[in-house]
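Pasting the structures in now, so scroll down.
After this come two complexes, each holding chain A, first together with chain B and then together with chain C.
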Partner chain A sequence: MTKLISRDNLKKLISKVLTSFQVIAPVNENNVSFFKRISVYEQIKWEDNNPTKSPKEFFFAPSDDLFRYQMKNKNILLREPSNHHDQRIILGIRPCDMAALNILDRVFLEDGKDLLYSALRDNTLLIGQSCRTPGKYCFCSSVGINPDDSQNMDLMLTDIEKNLFLVKVVSEKGEKFFSHFSSFFQEADATNGHTPVQTKEMVDYLKRGALFNVQNINEWLNENFEHPIWSEIAAKCIGCGVCTFFCPTCHCFDISDENVVYRDSSFQGVRRRIWDSCSFDHFTKMPMHQPRPTQDRRFRQRIMHKFKYFIDRFQQGACVGCGRCRSLCPVGIDIIEVLERIHCLSYQSHGVK
Partner chain B sequence: MITLLQAKTWELLQQKEVSLILGYGEFSRKINNGPEQRIISPIFITKPEETSSLVWNDRCVFNLSTYLTGKEVKAHHKVAIMAKGCDIKSICVLIQENQIKREDLIIIGLTCQGVIGDKERPKAEKCDSCQLKTPHIYDILIDSAEAQTKKLNQVEKKVESKNCVNPVQEKFDRMDKMNPQDRWQYCLDQFSKCIRCYACRQVCPLCYCEKCITDKSTPQWIEKSPLLPGNLSFHIMRAFHLTGRCVDCGECERACPMNLPLTTLNKKMAQVVKDMYHYESGLKTDEEPLFGSFQLEDEESFIK
Partner chain C sequence: MENPYLPKNVKIEKIIDETAGKDIKSFVLSFLNPQDCEAFSYHPGQFAEISIAGAGEIPIGIASSPSEGVEVKFTVKKMGVVTKDLHNSSAGRIIGLRGPYGNGFPMEELKGKNIVIVGGGFAFTTLRSLAVYLMDDSRRKDYGDITIICGARTPGDLIYRQEVETWASQPDLKVQVTVDKGNADWSGREGFIPPVVKEVAPSADNAIALVCGPPIMIKLTIPILFDLGFAPNKILNSLEMRMKCGFGKCGRCNIGNKYVCKDGPVFTFEELQKLPQEY
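On to the complex of A and B.
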């Protein structure tokens, strides 16, 4: 089902739903763009591409309370966190970030459901937006994602004129939302094809196609756990967590017991699940052994996880081509450069396929 | 064309004076809206023929001395490093603190008229008050001042036309004028944004502890979760650990993906140290570090 909505009506719609939903949309503070819960429509900063921070943190938070505990007269009192959440709408999620969410779904919902994640996933309506121009560092087309992919969104907005969006109602949840607020939408004209707006750069980007072949990379990785390129590329890696924390699909976490001190100076223990990164030197550190003692092994793990282990396990890669890691790395490590090199090496070892 | 830099470094490797050169290389990065972007990035050179990829220009912002304390670099018997005046200050502190030996190092000093700033500043903040355009410690000096002066004159004109005050002073004045509550609130607002990726710590040449106190969990000293209490402890602890040591290379602030004004605290501490003890870090290799020396007349009025 496709409908139309004008920018004015979208504004009215969002202002209306703000009274009954938590609305999370892209904003820009301190020159960093990210998703944030907004209170008025005007806070939204519409940019052409995905914000610097992905919406991952709204499903898998940088710090999640698992439970709280307190000692009382030699008894331990346990308290679970409330799993009541208000209904939420995430507005302006891009196809790459949506694809990343599908990857997280496989991790957190298949084979044993993560309760925190699934509760947040269930109460969130996703309103996507297709890209009319490629971001400076994006490479979604190289990993098989379309910049107008509406798969698994609830509603999808596409620019068709300056102030007019084509709205694709994708899911049942989206239909329910639509029927509730149908007065804000217009009928799409069946005779008019409503061509999406695409910049010249987007046309070139799509024409260029893939920069590398994920299948070839996967095959090469199968055979090259040990290879000189790992230490060559990772020599300059400083071991910070920027690439993994900003990655919309990275999902490794650590468990940390911490204290919450209240105003009356009583305190409670809290067990938290916090983001962790395979780039950190203590990530695999165990009392007697460190299986990844050098940065090249940690770097290899990141590439292996995305292009081998995840494919082995879930038959899909875990990179969505959002380009955040390559644009933010403090020492300029570029994942495209790495993948192109591997792609070339795979040709050298197997011939042209 | 072979530059003086390339010729000198070729010689060093060819004559086996060093086995590794830490330098700047130029790489191309694919971007979607325009031609390929030329970026400068650290490069590790071990073969003489690779020295042709070394470059030096005003985009060489990285402080390469952060690699000197790494295991991989320490495995080499002797290393040469390209360093600007500000970077040499941090090398100097590493020598003072016995992390590296002066004789194991060949410093390729670079005459610098200022590097570009990122985040929409034409020139890095630290360059405004730089006193070390010609480095104070070096073995080989690469002087490419002319090519640089040309470029930066244009940039400076732009700044003048905007009528900018020295941004560092402006920042301090603004902070000093705030009342304590507002200043505290400002710190809370900023540090609550930290996501604890530790880019600041990892990129810092003087954060070389083998195990950072933040990573210790038995017992835990600093909360690991990226929430305000742990973030505050981490950043204030880091500022304390860098007091009398930080050389204001600005790498933490450049690396921070959340654009936090990380150098502000460090600069304030450096100012206090300078006023109280007339000490500036990173100037002399044979000087005792601030916290490693004591004199009876040392200022201690702040101990209450």
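On to the complex of A and C.
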């Protein structure tokens, strides 16, 4: 089902739903763009480029309480966090970040459900937004994602005129939402169709197509766990973990306890899961043994996880081409350079495909 | 459905010093809630997360056999924050436990086979679970010959020493115990495990070997097993990694595309040969 909504009506709609939903949308504060819970529509900053931070943290936070515990008179009381959350809307999620959420779904919902994640996922309506122009670091089209992909969204907005959006009602959840607020929408013109607004850069970006072939990368990785490029590329990596923390698909975590101890030696605290990173030495370190003792091995793990291990396990890659790791790496390690290099090496070893 | 990270309350029923150095202790735990006990259905080779609120969690192989009853035993070496806290416990303390996790030993595949158990040092824990399970009266007939070769650095480092000595006197078991270096009250074997395996030379005919121990022991034992005719898919190892969640979410314990917590911790040597050398 396709409808239209004017910018004015979108503003009215969001202002209306703010009374009954939590609304999370892109904002810009101190020149940093990110997703944030808003209280008024005016906080939203509609920018051409995807926010620096993905909405990952609204489903899998940097620190999530698993449970609280209290120790009193040698008895332990455990208290689970409430699984009841207000209904939420995430507005303006881009196709790459949506694809990333789908990757997190595979990890957290399949084969043993993570209840914290699934509760947040269930109570959130996702209103996507097509990209009209590519960001400087974007490469979604190289990993099979389209800048107007509505897959897994509930509703999808696409600019068709300056103040008019095409609205694709994608899911059942989206349909329910639409029928509840249908008065804000108008019928789409079935005969003329509507052309999305795209910049010349977007046209060129789409024309250029993929910078590398994921299949070739995957095949090369199957055979080149040991290769000089790992230490060459990782030589400048400082292991800060920025690439993994900003990655919308990275999902590794640690579990740790934090205590408050009282004078009578009773104590209470919380067990948390906290974002962790394969870039860190401690990630795999055991008292007597460290399977990944050097930075090049940890760097290799990151590439292998995204372009081989995840594909082996889930038949899909774990990179969505958002480009955040490229843009934020403090020492300028560029995943595109790495992948293009592997792509070339795969041609050298297998001939042109 | 319940929160999979939530530990169940267990009581430390008994603490056993396993070594002269008192750095390895066994903890016998019982569930406070009978339903939790019933839900904790395990087989040898699996592990669980022991939880101490305020200190954290550690993944530990299960040392007891389900044939021994409802109490669950873990043998723990004093290493870090959680294990130190656990070592400072007294019987009666309430702690947490969640699991069981991991594939464990392939019990169905072991049926009808001759079993060769090779365990070095502290890694003998899950092999103890297996040995007790196999020797259970109701099951012993399902398995062929059982050979157990185990050892430690010194006599004081031998875990389950008394128990292993009683096994040695059983007619239906072949048991060899060795220490790297003996002392005044040690009259048994002296020497490393791999040469003992070579000397005992268990037949590879219809046999499966299960090898757990320090990396160097495993490295030197495998070629001897090959020489004896054991195929790589008839040699089993159990691996350790820095696991946190225990059920394939936290992403820490992968070796190549395998998660040690879910796909392991037990792998055949054939499987390990296909994985990157990152363990």
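Operating definition for what follows: the second predicted complex is superposed on the first by the 345 of 353 C-alpha atoms of A that agree within 3 Å, B and C clash if a C-alpha of one lies under 4 Å from a C-alpha of the other, contacts with A are read in each partner's own complex, and residues count from 1 in each chain.
The working rule: contacts are C-beta pairs under 8 Å (C-beta built on N, C-alpha and C of every residue); 3 or more make two chains touch, one makes a residue touch a chain.
What you see is a predicted model; the values in this text were computed from it and never measured.
> Answer with first, second, both or neither: which of chain B and chain C does A:R297 touch in the superposed model?
In the superposition, A:R297 contacts chain C only.
> Answer with first, second, both or neither: which of chain B and chain C does A:E201 touch in the superposed model?
first
> Between chain B (first) and chain C (second), which does A:D254 come into contact with in this model arrangement: first, second, both, or neither?
Both partners, chain B and chain C.
> Determine, under the contact definition given at the top, whether A:F35 touches first (chain B), second (chain C), both, or neither.
neither
> Overlap of the chain B and chain C footprints on chain A, residue-wise?
Looking at chain A, the two contact sets intersect at 254, 256-257, 259.
> Which part of chain A faces chain B closely enough to touch in the complex?
30-32, 52, 62-63, 133-139, 201, 204-205, 211, 231, 235-236, 238-242, 245-246, 254, 256-259, 272, 274-275, 277, 280, 282, 294-295, 326, 328, 330-334, 336-337
> State the interface residues of chain A toward chain C in the complex, per the touch definition above.
66-67, 69, 71, 74-76, 78, 80, 107-108, 111-116, 225, 251-257, 259, 267, 269, 271, 273, 276, 278, 283-289, 291-292, 297, 301, 304-305, 308-309, 312-313
> Touching residues of chain B toward chain A in the complex: what are they?
It comes out as residues 27, 29-33, 39-44, 62, 66-67, 71-72, 119-120, 193, 195-199, 201-203, 211, 215, 217, 220, 223-227, 230, 251, 254-255, 257-260.
> Touching residues of chain C toward chain A in the complex: what are they?
1-7, 9, 53-57, 79-80, 93-94, 96, 215, 240-242, 244-245, 247-252, 254-257, 262, 276, 278-279
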